[in-house]
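Each structure below is given as structure tokens.
Presented sequentially are two complexes of chain A, the first with chain B as partner and the second with chain C.
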Partner chain A sequence: MLTYIIRRVLILIPMAFAICFLVYLGLELTPGDAVSHMINPDALGSMNADQLEALRQSLGLGQPFYVRFWAWFTNLIQGNFGYSMNGGVPIGSIIATRLPATLELAAVALVFSTVLGCLLGVVSALSRGSRTDNVLTVIGMLGVSIPEFFFGLVAILVFALNLGWFPVGGRSMPGYMTLWDRLPHLVLPSLVLSIMLTAGVMRYARSSMLDALSRDFIKTARSKGIPEWRVNLLHGFRVALTPVVVLIGFRLPVLIGGSVIIEQVFQWPGIGNEFISAVRSQDYPVVMTIALLSVMAVLLASLIVDILTAVIDPRVRLGE
Partner chain B sequence: MAHQTYPTTRKRTRLDAQFDRISAREEAGEARSKGGSRAFNKFLNNRLAVIGLIIFSVIVLTAIFAPLLTPYDPNRIDLRAMLQPPSWEHWFGTDRTGRDLFSRVLYGGRISILVGLGSAVLAAIVGILIGVYTGYVGGWLDALAMRVSEIFMSFPQIILVLLLVSILGQSLVNLMLIFTLTGWGGIYRMARARMLSIREEEYVLALRSFGLSRPLIAYKHMLPNALGPIMVNITLSTAAFILQEAGLSFLGLGVPLSIPTWGNILNVAQDLRVLQSNWWVWLPVGTVISLFVLSVNFIGDGLRDATDPSQQG
Partner chain C sequence: MTDTQDVAISVRGLKTFFYTNNRCNKALNGVSFDIKKGKTLCIVGESGCGKSVTAASIMQLLPTLSRIEEGEIIYHSDRGDIPLHALERNGREMRRVRGAEIAMIFQDPMTALNPVYSVGFQIKESLKYHTDMSRRAAHERAITLLTEMGIALPEKRVNDFPHRYSGGMRQRAMIAMAMACNPKVLIADEPTTALDVTIQAQIFELMDKLKREHGTGIMLITHDMGVVAELADDVAVMYMGNIVEAGTVDEVLRNPVHPYTRALLASVPVLGNGKDQDIKAIRGSTPDPLNRPKGCQFADRCDFATAQCQAMPDETHITPTHRVMCWRHEELSGHGAQ
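Right, the complex of A and B next:
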């Protein structure tokens, strides 16, 4: 088990490094003075040309590319991401203030879509070929075909503007302190974000469950006289679970992508919202840093999924 | 000895009726296969796929014949007819600058479908060109291509698209290039995986022993056997790209706003007043996008069932 984990990590490290290098290359190629995102702009404004030149030398901007990359990379590892080109806020503190909002949204959507998706998928698989199954299949197809922002708009119109049950957008209002106060703000965005994910999980859980139910050990269990619900849940679902766990990892990119758009629709003050405004104002350091962090999150998730799969299914860790 | 009588008629069951129907059809000569390929017939028997094909054709045809169907220029501003609800004159109403929305949806469909289908085909060409050859040849070339695709695919797609938009700038051509660049990985992997299994077939060995060149074997003799899944993949990525274009344009970061596309029409719905009081500006076009993507997904699913013999039902 340990050797398996170590091997996975060793594969991952060069890839993460290559991605960092590419992102730095992109940062170098984009227009804009590198000084502006390495130094606090207040300090930058109070300098004259000579001081600026001295600063360039001391920062090593006259040095060859690979030296500069290494300096940037070591800073990055220590959590020093540089400064935004607009307003000169350290990127680290932008992310620190924005990340909790995104995580809150993503966590609710992930849990909700996993539970609902597995449930519907299993129901669909157990009633294979029936009307319930067909209706669920078409609904699942609708879920992946309707643009998520369109869902968001309809949800805002119906539940926020017309019925007035939930606020139109934002994460909280002045004076709202606890999670309970903010809960109404969370409902619509997290539900809309869940819809697309649920449809994906459902389709996957269905085929995975069908696959599990067609195995020989299910016949054995039935022939032993075990009650049908026990066969389905304890024998079938447990085996069907492995691919669904994998799918949770694969859903992370979808989740990040979806939250970028949903955060914009609901004016949710998360990372995705920050990313969009950075793209709009061509604030390259912020764009690159957020992109880099999202890739790292995906790589980490895939590592965790690999380990989890190995824990659940011994064939994986012994097979290679 | 008691004489036992058997009933000459027994109760007819459902199976009897079914059998009679089948034999009646056989006598009428209808039971024979209609001809055409097995996959094609299987596709036509899939109700959802046929419905998808019909919706798809209707939307594509109306987009192609847009000039015949509407007298309005999609970009002509008419300040005397701002935000009018649907009427006989303007079927889908007009937007904030009095442009006819029906005509904008039709002309917008041209661009949106072009972006979706065009990028999917371009991405497929890139993915196939790389995947088929490296999958057949293997070795360091294969390892290199695999690593590169892994790097591309570890980015969440929207993040990578937006990153490239911020570097390259917004334009129709750029958007298609960006979609191609971010989308080739999926089809590359599938083409490569198919090649790895086809490579083991004996006819490939035979071709090699005839001394055929590697590209000839890979592209001419192996590629056709992988076309089924590739078609499915192109269909499904068309749907994905149309959704992405709509999302990006909705954010104002896709196709420039001066060109009508489905996403650009929806862009104004970010304004809550438009959302609440002018439903005709965003509801019809949102429905058209959803229907189109749905139909493409149905077609893709139908194609998969029809071309993949291992998948029954």
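Right, the complex of A and C next:
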């Protein structure tokens, strides 16, 4: 198993390289470049083409894109993330300020949705066909099918604007930085993000649980005269858990990459929000770094899922 | 029928109905039999005749949309008679009997064991709930059981997961699970259908040993007449939810009365009769259980049917132990096997 993990981690490097290259290529193909966003439009009118070209050259933008990509990548390997082209802030410090916000939001939502989703899914499966099950099914379908920005806007309208219970957006008021002060800011975005995740986990847990309960070994377990809770949870849920873990595992990258839409709607100063503004201004070092982080998060999450699956299901053997 | 001294479970007039799409399938339509201590009762019949439903009724493991409508299942336990049919399905009383006093083994050992728990865990599970053994004692017991079942290296194998066991080993593990609490009755629902013939012989040898050494009453569901001849003390032949003929193994096999029993016996190839032997398949197929014929259920396929068969025949005793449901039993009895 250890060799398997080491091999998987080593595979991350070429994969990350390939994916970064594709992102870089995509960025190159979009019209305009960073220079057109750097200079204020009034000043731009008074500059001549030579000056602009000189600026491009000084930033290294005149070179072919693969040369620039290689330069960026070699810098990265040396631990140098580079600087934002907008304002020259070191990207390392951008990540350092943005990542905690994203982690905070995503962790709350992931934990909440995992616990609640599994619970409701199991309840739903055990009471199949009952009113509880029907109500949960309808809520689940709504949660899965209504886009999250809509939930976000409704939540802002109702709870922030009309009722005034929570702030409209942002992560904190200036000057108030303790967790307790920030808590009201966290409620709406984490709730909206949780609704989406919970609905998915619940639907998945329900069908997986129903599948497990229809298997032969449930009858065997019952024939041993053990209590129903043990039949349902130890024999049913334990087997139903594998696909649910896969689903949850593939949501782990949200922790790093952030939920772009929710962070936009609530003006949450996280990675997702930063990513959008970086793409808009073609700030390629920032875009590339965030893309790289997301790629790493996805690849690591799939590794974690594989390991967890092997832990839960003894039939799964890694690396053979 | 018999004195209750040596009877472990008596079933009388059992009717179990299934309800699907607002239609009622009378899966068991008045079934009576006894499972005797230290004896093997074989229930034979073709697929869909209600053999497995009988087992599920006794264990109260019926699907949700089915129930015992009439009749009784009395378990003669050491603590007095227990009416199993009246117990709540997964209630405390039923659970106390299940696994501890009446245990069951299932058809397909490949799917009947939980893949995520070790075999030992699954054996110890019933010990945990039915005995007050310590963990260590339960573990020892699990190893002993596996040894008795002829599993090599039981100390190691007890911690293995089911996917590391072969089909025959899994069925042995199933039997070990079922025998964990020394049950009075073992219900085996086609335990060897999924296994090959050599393994089948080993499994039956094992069951026979349990019967002899522990005095376990066995109800064996099968459709293999060879198995019946080999293992059974008593036989009940089922057709479309009724026991059409029942008796001791000698009575039923040597003097089959009901045309269905005769047809079943005639449909078995005999070793040594060569490739060209005449195997008589039973003509037609079983009627749709939701659209049954009136009267005798077998009449449409029967070579001996008369106008009388439009009505359901009563059960008649030919000897105190041999009973049959056929209008023409008098002419047919005494003919001997064909």
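To be clear about the criterion, the second predicted complex is superposed on the first by the 243 of 320 C-alpha atoms of A that agree within 3 Å, B and C clash if a C-alpha of one lies under 4 Å from a C-alpha of the other, contacts with A are read in each partner's own complex, and residues count from 1 in each chain.
Just so it is clear, a contact is a pair of C-beta atoms (placed from the backbone, for glycine too) under 8 Å apart; a residue touches a chain by one contact, two chains touch by 3 or more.
Every value quoted in this text rests on a predicted model; they were computed, and no experiment measured them.
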Touched partner set for A:7, first chain B, second chain C, both or neither
neither
Applying the touch criterion given at the start, work out whether A:294 contacts chain B, chain C, both or neither, answering first, second, both or neither.
first
Contact-wise, after the overlay, does A:216 reach chain B, chain C, both or neither (first, second, both, neither)?
second
Just chain B (first), just chain C (second), both, or neither: which does A:225 touch?
second
For A:30, select first, second, both or neither according to whether it touches chain B, chain C, the two together, or no partner.
first
Just chain B (first), just chain C (second), both, or neither: which does A:150 touch?
first
Comparing chain C with chain B, which touches more residues belonging to chain A?
B
Could you tell me which stretches of chain A are touched by chain B in one complex and by chain C in the other?
none
Note: in the complex, chain B contacts chain A through residues 48, 147, 150-151, 154-160, 162-163, 165-167, 239, 243, 246-247, 250-253, 266, 269-270, 272, 275-276, 282, 286, 289-290, 293-294, 297-298, 301, 313
Quick check on the complex: what are the chain A residues that touch chain B?
15, 18-19, 22, 26, 29-30, 129, 138, 141-142, 144-150, 153-154, 156-157, 161-162, 168, 252-254, 256-257, 260-261, 264-265, 275-276, 278-280, 282, 284, 287-288, 290-291, 294-295, 298-299, 302
Which part of chain C faces chain A closely enough to touch in the complex?
59, 61, 90, 94-100, 103-104, 106, 108, 111-118, 122, 125-126, 128-130, 161, 163, 174, 177
Per the touch rule above, chain A residues touching chain C in the complex are 215-217, 219-228, 230, 234-235, 238-239, 312-315
